[in-house]
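Structures for review follow.
Two complexes are shown next, each including chain A; its partner changes from chain B in the first to chain C in the second.
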Partner chain A sequence: MARCFIPVGWQQAGHLALVGFALLATLATTRAGPATQAGMTAIPAGTYRPLIRSQDEPAEISVAPFWLDIRPVTNAEYLAFVQAHPRWRRSQVSPLFADSGYLSDWAGDLELGPSAPVGAPVVRVSWFAARAYARAIDKRLPTIAEWERAAAAGFTQSEGAKEPGFPAQVLAWFTQPTPQPLPAAGSGRPNYFGARDLLTLVWEWVDDFNTAMVTGESRGDSGLDRNLFCGAGAAGIRDPSDFAGFMRAGFRSSVRASYSVPNLGFRCAQSP
Partner chain B sequence: MKTIAVLLSGFAAASALLAAEGAVPPGSGSAIRPPCCAAIAPDAPLTARSLYQLDAIWTNDAGRVSKLATLRGRPVVIAMFFASCEYACPILVSDLQRLRSALPEAVRERAQIVLVSFDTVRDTPAALLAFRERMTLDAGWTLLRGPEAAVQDLAMLLGVKYKQDARGQFAHSNLFTVLNAEGEIVHQHAGLQGDISEAAAAVMRPAKSASPSP
Partner chain C sequence: MKNPTCPRPGAALLFVALVALLPRLDAAEGTVLARPGVRPLAADLPVETAVLTEAPHVPPRITRQHAAKVIVNLEVREVVKRLADGVEYTFWTYGGNVPGSFIRVREGDFVEFHLNNHPTSKVPHNIDLHAVTGPGGGAASSFTAPGHSSQFSFTALNPGLYVYHCATAPVPMHIANGMYGLILVDPKDGMPPVDREYYVMQGEIYTAGRHGEGGLQNFDPMKAEDERPPYVVLNGSVGALVGDMALQAKVGETVRLYFGVGGPNLTSSFHVIGEIFDTVYVEGGVLPAQRHVQTTMVPAGGSTVVEFKVEVPGTYILVDHSLSRAFNKGALGMLKVTGAGNALTYSGKEIDEVYIGQASDAGFAASKREAELMAQKEAAIADNPRIAGFTKEIQLERGRKVFLTSCFACHMANGEGLPAVFPPLAGSDFLKADKDRAIKSVIKGLSGPITVNGKPYNNMMPPHDFTDDQVADVLTFAMNSWGNDFGAVSVSDVKRVRAENK
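== the complex of A and B ==
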């Protein structure tokens, strides 16, 4: 059975103490749900500050506590999923739910090959496929609010933007070409909540990516095209310096649910 | 008494359409169907790109339930909306009315305009019926509501973006989609008050799998 986890990160002694500390710190504030969840980390209740919001939208949205996979889903895990669910194999998937690039870096229908190492994050999966994977193990995709809440943390502080050097490290990722093949999922440094690779490995699907409404035309985005979007006329920007946040918002608004993108993977979430 | 009942049921005639799968729709008495609307063998499997693979159950403004696949065999123009929309939805509806009147009568009689609500809470069948009355939509229009997961799936497949704001209004793409008789997307029209001639042409094109007119 496919699973969202195999706690790779935990085997790395150098980070163990840090993860453990972050987990303890977060669990202390999380009352609901099981005390531990293999391969997942508890994200305590908190707030999400949307980067782009309409006039009526509150500046802060509260996010209930949830579990988040420590790292993105790997090729090996996704392979186990398609073995159990033939309709999600490359040869059988409906073109409605995954475009022609779906798993195209795999050597075959049930064979990973050199471009898709076992431990690397699975990419070229559509939103429909990612959601099907999550549902198959009673999980779900995180929402934008949840994902951004988890990713807003730095390595040592709950607010990455205030941690010296953290924003620069995130930005550095954008200057690097995507390595081929991708490095192993979970090899990145854990953040304050114990989640790894949120910002510096691959893009990740979120459940409600289609709520991001940035139009393709950059000059139009200050006022969002009124004819294309109903009611989105007065959008405001939280932090114009959040380059990575803009990139994510733009990315989310540019993809469709059937798209398979070379560096777009996912991780799962679960409610307590 | 019976005639009154008939009149009343005719009021939400779109429901009759959904229920009467395979039944002869009004006006189809003409011997030759237009190419867009040629018969599809009822047992033929759905095509790979057919939206009718979605098996969600929808409820119309008469409270009748159905799957989208009951629309198979006729051209469909589908858009997402919500009944309490103040800004764009009335314009979207008038665009669709314009599209409908641009169709030749034989096509118009077969085509369905389907409006699917984002608002899974407030858009009850009664609210949809009130919208139908307010906008004076006839039997050529189908108004549907469904569970949240189904709304999300459909929006994803159509490429419709939507987001509910604090007041409960939905910001959403103004987009309508033309489906052929097989339920495949053949045309999408974004924006309001644009030229609808391409969309009208798309409605009239036959589906590849459709058998020639009898």
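== the complex of A and C ==
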């Protein structure tokens, strides 16, 4: 199967920083309770500190304000999408855009069945499919910078890393088996920005997933290599103890755009 | 044998830049990690599939006198397993067990490696085989998302006993969760034959709870960073090599142990109490380099091969001679030798009692006594309605958790179900009527036409892979929530129904 793909969106984080939206002054400065727009929550402007970077890259990337779905897209919502767009049905999708696992937990082309409850997040969808879904409703996938910016919040404060117990809870998710079938999307506790289930339900596609710089040979990965094996300075890895961050970077670099993975779903974003 | 893992910063930066600029190409996939010209043409070789064994077993000696193309199929699975009595842990495994499956090939073999990451895995994994000559030992070529497979190949150029492990970031966590094993590359002429071969590996486990704290334990990154493991174990769990599971040999036999250390951090002072190693293949090389060794040092990510002839019947204790690890943390196993005794020597029995605490035969007797006492205590509690009511409350709390993770998606948080699709549990006459049937439905699943509160359902409920406690808890919760007052389900009910429905 052809496995090359177009690296759309990998520069987007940088662009966002440059474009500079003149909008939603309240969002950019204070947090006036999570505003919502049809199932979305506003993520105020902020910064994202990449986990792994080279010396010429900035330590911080600014992220303009954006709307983010409160919860991942559900099976029911995705079903409506494939009903309207037959070429994304399981039986009709091009193998270039989705591998053979695509929606394989559904009972049929237009039938969910017991392994894919209506309210559970849709999983086993490729990046191409997730993007097509988002485009169909005039949304898009969040970038890594946006997604990480939203997920860096704890439940009660904007920096989850500083919230007692929060990092441990996030890490614990990795060591708990995935429940079958998945619980309903949106059942998790909302984070500081009003988004739910970012860290403890399923993995989520991001638009520029293929820029995550982990090769799989983690010790060969730029900064990690220098830090862990050569004891060099701080350039490269922001925080070697951010295990959950490494797992996300690792996960993103282990997938390809046509992959469908049993615990990988998505949610959409929108620029104001 | 391997490339140093310390490129100059410039090279590393260049590498980063390349990764960042290029759309991902498949350059790494299917890479042949071998020196060109050294291996015979793989196409000409006879093909065989490697026999993989679970510890403590070792695949049979390779007797063929020529190279072969050996296909290795290794499956990565994340599984909840027993770490110690009453303690569970989500292990990340090669082949379903810790340590990973033992792989045996012959020097010069061309190995076609398939790494399959099970669809239920949470995270991607890969494999770095120290037996592979080439950067990363296969790690980059084997990086595999959940529900996917990777293939790479290499020629086993160097004989010896090698560790393999996962090298996905954060590496210490992947290794601590159980992702290590051994691959033996038999020298061309084979290892000298012995009577018994066994596979034992040491590793540390960094649980959030203290040693012995019950329940499903999480990984604790701080303890890993500080190298303070609550558990140091042989073959993946406390007691994996004691009692009925002890290694076995007969008087007069020669035993060979393939011993490795997964780590991720600690070095082992490997020792067998009551024995002297006749031969040590130091650091897993192929020379029988040292004789008459009491304790041999095995580095993290390293191995050794030891041989000794057992002369005296009794129990011999395998330990990391950094003894707190053996005595307090679990790094202890047993070799039971049967046969006629030799009057001139000690019995192994005294040693049993001196060193091995809980895990010894005496310890087993102690746990048996403890179990009896627990049973007595439970009977006393059951007789006392006030305390019994209290235990039910605890059960309800635990059951609520199970319900909210495993049942509510279908039966809904309020127990009402979905009309015509998922039957209600709230006020269900079907649930009320037959406790055993409910237990069986949770364990084995339920399908086909049924009638609940006069309404027909004909759908399928999947089986649940729960512990007895979880089944008892969740049903007790369902039978006492949303106005239900249907009594309780005990663990012994679940055990009985399970036995009846084997």
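Keep in mind that, in the parts below, the second predicted complex is superposed on the first by the 222 of 272 C-alpha atoms of A that agree within 3 Å, B and C clash if a C-alpha of one lies under 4 Å from a C-alpha of the other, contacts with A are read in each partner's own complex, and residues count from 1 in each chain.
In this section, a residue touches a chain if its C-beta (ideal position, glycine included) is under 8 Å from a C-beta of that chain, and two chains touch if they have at least 3 such contacts.
Bear in mind that the values here come from a model prediction, so they are computed numbers and not experimental data.
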Just chain B (first), just chain C (second), both, or neither: which does A:Gln83 touch? neither
Kindly classify A:Thr211 by the partners it touches after superposition: chain B alone (first), chain C alone (second), both, or neither? both
For A:Leu96, is the partner it touches chain B (first), chain C (second), both, or none of the two (neither)? first
Please determine whether it is chain B or chain C that touches the greater number of chain A residues. C
For A:Pro58, using the defined touch cut-off, is the partner it touches chain B, chain C, both, or neither? Pick first, second, both or neither. first
Which partner chains sit in contact with A:Ser253 here, chain B, chain C, both or neither? Use first/second/both/neither. both
For A:Ala120, using the defined touch cut-off, is the partner it touches chain B, chain C, both, or neither? Pick first, second, both or neither. second
May I ask you to decide whether A:Phe128 touches chain B, chain C, both, or neither, giving the answer as first, second, both or neither? first
Going by the contact definition given at the top, which residues of chain A touch chain B in one complex and chain C in the other? 54, 56, 210-211, 213, 225, 229-230, 232, 253, 256
In the complex, chain C residues that touch chain A: 5-7, 9, 12-13, 15-17, 19-20, 23-26, 28, 78-80, 89-90, 119-120, 122-124, 126, 128, 135-136, 139-148, 167-171, 173, 177, 208, 216, 218-219, 221-222, 225, 404-406, 408-410, 459-462
Which residues of chain B touch chain A in their complex? 48-51, 53, 85, 87-89, 152, 155-157, 159-163, 165-167, 169-174, 190-193
Inside the complex, what are the residues of chain A that reach chain C? 3-7, 10, 52-56, 101, 114-115, 117, 119-120, 168, 171-184, 187, 210-211, 213-226, 229-230, 232, 236, 240-241, 243, 246-247, 249-251, 253-256, 259-264
So in the complex, the part of chain A that touches chain B is made up of which residues? 54, 56-58, 94-96, 127-128, 208, 210-213, 225, 227-232, 253, 256-258
